[in-house]
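Have a look at these structures, which come just after this line.
Two complexes, one shared chain (chain A), two partners (chain B, chain C).
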Partner chain A sequence: MKRYLLKCRLLLIPSLAGLALFYVLPYVRVIYYSLIENQFSRRFVGLQNYVKVFQNEYFRLALKNSLLLIATAVPVLVVTAFLLSLLLLKMKGYWKLLRIAFIFPMLVPTASVVVVWRTLFDGSESVWPVYLLFIYKNIGLLIILLSAAFSTLEGEVYEAARLDGAYGFALHRKITLPLISPTLLFTILIGVVYSFKVFRESYLYFGTSYPPDHSYTLQYYMNNHFFKLNYQNLASAAVMTSLIVAVIVVVGVRLQKKFTV
Partner chain B sequence: MKKVVVKMMLSLCALLFLLPIMLTVVHSFGVQSVDEGNFRLTSLVPSGFSLVGYYDLLIEHFYVLRNFWNSVFYAGSITCLNIAVSVPAAYAFSQARFKGKELLFFFYIMLMMMPLQVTLLPNYIGLRDMKLLDTPLAIVLPSVFAPFSVFLLTQYMKGLEQSYVEAALLETKSVFRIMLQMIVPQLRTCILAVFVFVFAEYWNMVEQADIYLRRETLKPLSGLLAIGEGLTTSEVLAGSVIFMIPIVILYLYFHDSLEVGLESMKL
Partner chain C sequence: MKEKKVTQRKFAVILVLSMVMMLFAGCAGEKKKKEEETLLVPEDTLLGYTYSEVYTPYQLSSCDVKVEIVQPEDSELMVTKLLAGDSDYDFMMLSTDSALAADILRTGAYYSLNDVPEAAGLLDRYHDYIKEAATAENGDIWMIPCGVNVSFVLYREDVCEEYGLDFDGMTYTEFLEQVEALPKNGEHTFFTPYGLMTADITSKFEQVYGYEDMSQQETELLRSYMEKMRAYDVPFNEGKWWLLSSEKRPEHLSDASMKNIAFELERSDNMSLSVSLDYFRIGGFRATKLPDLEEGVVCPSGVRVDFIVINPKSDKLELTLQYVSQLCEKLQKDTTTAIRYMSRGEDFSNNVLREDIYRLISEGEVYSLYPYDVVGAELMAYREGKQEFDVMLEEIQRNIKMFQEE
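Showing the complex of A and B:
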């Protein structure tokens, strides 16, 4: 048994080696790049690059737009997914197949629907088409997660609560919400994190690296600097973005643990 | 009565969700009125039946097929290798005991949550230093180690019966055999879910191809369709439909596994 457990560890090696080679070690270099003047002088300049990025008006615009996306589209996404999964729960027999319509868009290549999307929104240059595309793409996953949580709820707990005299709204507030809240928090976390990934949809919709100002998110900022290969700028923006996401994840996970009974 | 209303509402929503996909399919077989400069249609209903998009795409611009096969190669090899690396890793996470395991697993979660724009730069630097840029390996290798599958498989394994291991150890000393003969069959649903999900993700890849590849001949179809360079709108529509087919087939076959497997996606 002891040898077996030892050998089990070895199974992690391929995965860890790959992560080290393509993610961790290069990330250390990214941090290094973010702290030097340029690759030729290699002079250590502390946080100067970070200050420069932060003073860049496009970076600030991008940051603002990314946060706005979190504040507006994510709540809509989570609430819609929540309502839809509640309704879908009531469907029996063939009606269950309605789920497919909501889950399938998660897999459909964005490139495949983009022409029609532009048509439906008449090539609108506002933020809405991309927000809706974000919701369209991600709602399936949230519905799967929420439905799974809902389906574990049924039965005995409710009967017991009813015997104790809980009814209607009170029943849901006292029983459903606490039981569902870990999943709900996780879906919010997923929504927030995935909102950082919405670049592709926006990029395809607008078909350019320079979208209207209100849709210029952090990812555009980074993508565009990629083509200029300005390593210092790119590295500090990447480190900052990763820190923002890391904080969100840690807070999200903590919150979820707190609400898990 | 109330139930009927719910059903109607849901059906309406479902139609709305399917609308973009249906319109794409319908228009690809139609005569479209097109706003060429912007790659969009000017009317929602095609004015007749036509296969011109398919003809132009498959015969005139037959080289696009090469990009289709590139997509098949990239998404297929990434998905298979990713699973081959992730199953053992997930098995290790669920069986082995060592200091810092929780922390290491949290690192996987963190990495999984990072947006592409954060991981692109480290990946790019890694590839550059290994002189792999502008080769097919540039697309495949970093994605093989993407941590999502390890996370999902590990969480799925938590719900499995674990007592068989001691019994199995009486039969064989090979960890590999235990994994292949006892664990993998139990993981079937989750592996299928990972397969569909990961395949769809890399089938849909855009940014990596833009940044790691220069040669058009190496690019996957996704990027090409999106930008539509050198293609007409009817060709893009036909391409969109062809591009969707593998995903539709995978989804229709495996949607049960996909849904059950993804349910383990929790902390």
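Showing the complex of A and C:
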């Protein structure tokens, strides 16, 4: 057993080294950047950069818009993916191929989709085209995850439920939902994490680093500071964003564990 | 006996292999030494291709230190890396109107040249406003000016007298009125490239008024010019490129056809050593300040200075400083037009056109512009008819606020 464990640990070394090299060390570097005056003087300024960023009107606007995206687009994304997965589950024969269609948005370059989007929405300056684009681009992944979860559900459970008189919506509410809740929570987390990454879609749609106020998200804030070479603001905002995402993920994982038990 | 032969053969093989390896090691060492002795400077579209324009071979070869111009594959990444403290490049060349120049100054991403006496000596040679631009608020010499650009109206004095044209102290509105009134099929060609004028008007507007807090009068002024630009602008009005000439300007004008030019708006291309050189040679041409935007609001010529800034993280800082020191020394003694335009107390009385341009530069001012995303994109959207004037102005002001305060 000891030998086996040792082997396992040895095999883990390459991926752990990769993780440390490409994720942990850069993140530590980002934290370091957020605590110094600038990369040339390297004077330690404590949490001064964080305070400055948090007091900034546009950081707060970006944070508000990012949270609004989570509150509105993510539920729509998850519910739609859930319903479509259920629908696809019932598809027979060639109709099953329909699920492939939902994977296409993931394969098509965002730039091409944006061209269609701009035509479709006539270059509308409202926030909805971007929200819909976010849903359109990510729904395929969620459908795959949920379909995989549905396929693991055993027919006997449903038969037993039907014998007990559960049909239609009640069947899904009482049986399907509790059984796939871990996957569902996972998809919600994926949706939340992806919503923080919305930038390319919006940037291409509006074609500027200064979009309408309602679409100015945290990624814009960070991107603009990146191009202004203000690494201290960028690093502080990045650390704060990652902390927010981490809190959401921890809460999600706790809930997931609770539902699984 | 046989064993001895085998041993000798082995020895010979080992000897040959060792020699080959030594040769390779020698070559590699030589290459490394060469790399260590060569300074790297990036050049690409983002930086404006200025280095090789300004640094004519005589300047490169005049210093002991070798400089290699490198064209990076990813220019944005290069700039980002450089300003994040990367040591890939030893110095770079930029223009004062670029957003990057302002970022370098703000972030302190430069090596202070205060301890290079030749740098201070060179700055003393320059006009005060250029010296001022090269000095940071804390007194650091943060750049070495190496070239200068300015826009002006180039005109033939005799022809303009004949047509009663006088550009001194006129506004763009008066300038356009005069141009419109000129005979359409006369003997002389009147080059008025609106493309140049458009860029100059918007730059001048930014230089004089800015877009941040515009009074009603300034708004109306901008509106009137934007409407004119929309009506005449080159990309959208192909036929009006040369207002009074139906023919497109040939790439290389013959001396004879150049003598027929009455006037044109001209932008000197790094010290007027390219296009304008012909005008100097042919003679009879004069230069005057670009028209003002508004009567009574006199605006000095906007001067764009090309400069060198040292990467504070350069691996070869000592060598770079040696190069800068030699370069400054060389530039201090430079008697070519390039540096003389930027220098105080120069005498150009032997060439009246050069004298005019020198006066414009002497009385000019260094200006900086907002990045294209902030102002230019909105102006363009209006010119293309995609946006109304009021919306454009509102967007520009919103972008500026966001750019400044975010």
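Going forward, the second predicted complex is superposed on the first by the 234 of 261 C-alpha atoms of A that agree within 3 Å, B and C clash if a C-alpha of one lies under 4 Å from a C-alpha of the other, contacts with A are read in each partner's own complex, and residues count from 1 in each chain.
Assume a residue touches a chain if its C-beta (ideal position, glycine included) is under 8 Å from a C-beta of that chain, and two chains touch if they have at least 3 such contacts.
What you see is a predicted model; the values in this text were computed from it and never measured.
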Which superposed partner A:Arg9 touches (first chain B, second chain C, both, neither): first
When both partners are placed on the shared chain, which of chain B and chain C touches more of chain A: B
Touched partner set for A:Arg118, first chain B, second chain C, both or neither: first
First, second, both or neither for A:Ala246, with chain B first and chain C second: first
Which of chain B and chain C A:Phe226 touches, first, second, both or neither: both
Chain B versus chain C as contact partner of A:Tyr58, first or second or both or neither: second
Touching partner for A:Tyr210 - first (chain B), second (chain C), both, neither: second
Chain B versus chain C as contact partner of A:Gln39, first or second or both or neither: second
Partner chain(s) touched by A:Leu87 [first = chain B, second = chain C, both, neither]: first
Contact residues of chain A, present in both the chain B and the chain C interface: 207, 226
Touch list for chain A against partner chain C, complex: 38-41, 56-59, 207-210, 213, 216, 221, 224-226, 228-231
Footprint of chain A on chain B - complex, ascending: 3, 6-7, 9-11, 13-15, 17-21, 23-24, 27, 35, 38-42, 44, 85-86, 88-89, 91-93, 95-98, 106, 109-111, 113-127, 129, 141-142, 144-145, 147, 150, 165-166, 169, 173, 175, 179, 196-197, 200, 203-204, 206-207, 210-211, 221-223, 225-228, 233, 236-237, 240-241, 243-244, 247, 250-251, 255, 258-259, 262-263, 265-267
Of chain C, residues touching chain A in the complex: 80, 83-85, 103, 107-109, 312-313, 373-374, 377, 398-399, 402-403, 405-406
For the chain A and chain B complex, residues of the former touching the latter: 1, 3-5, 7-12, 14-16, 18-19, 21-27, 29-30, 84, 87-88, 90-91, 95, 98-120, 123, 136, 141, 144-145, 148, 182-183, 186, 189, 193, 196-197, 199-200, 203-204, 207, 218-219, 222-223, 226, 234-235, 238, 241-242, 245-246, 248-249, 253, 256-257
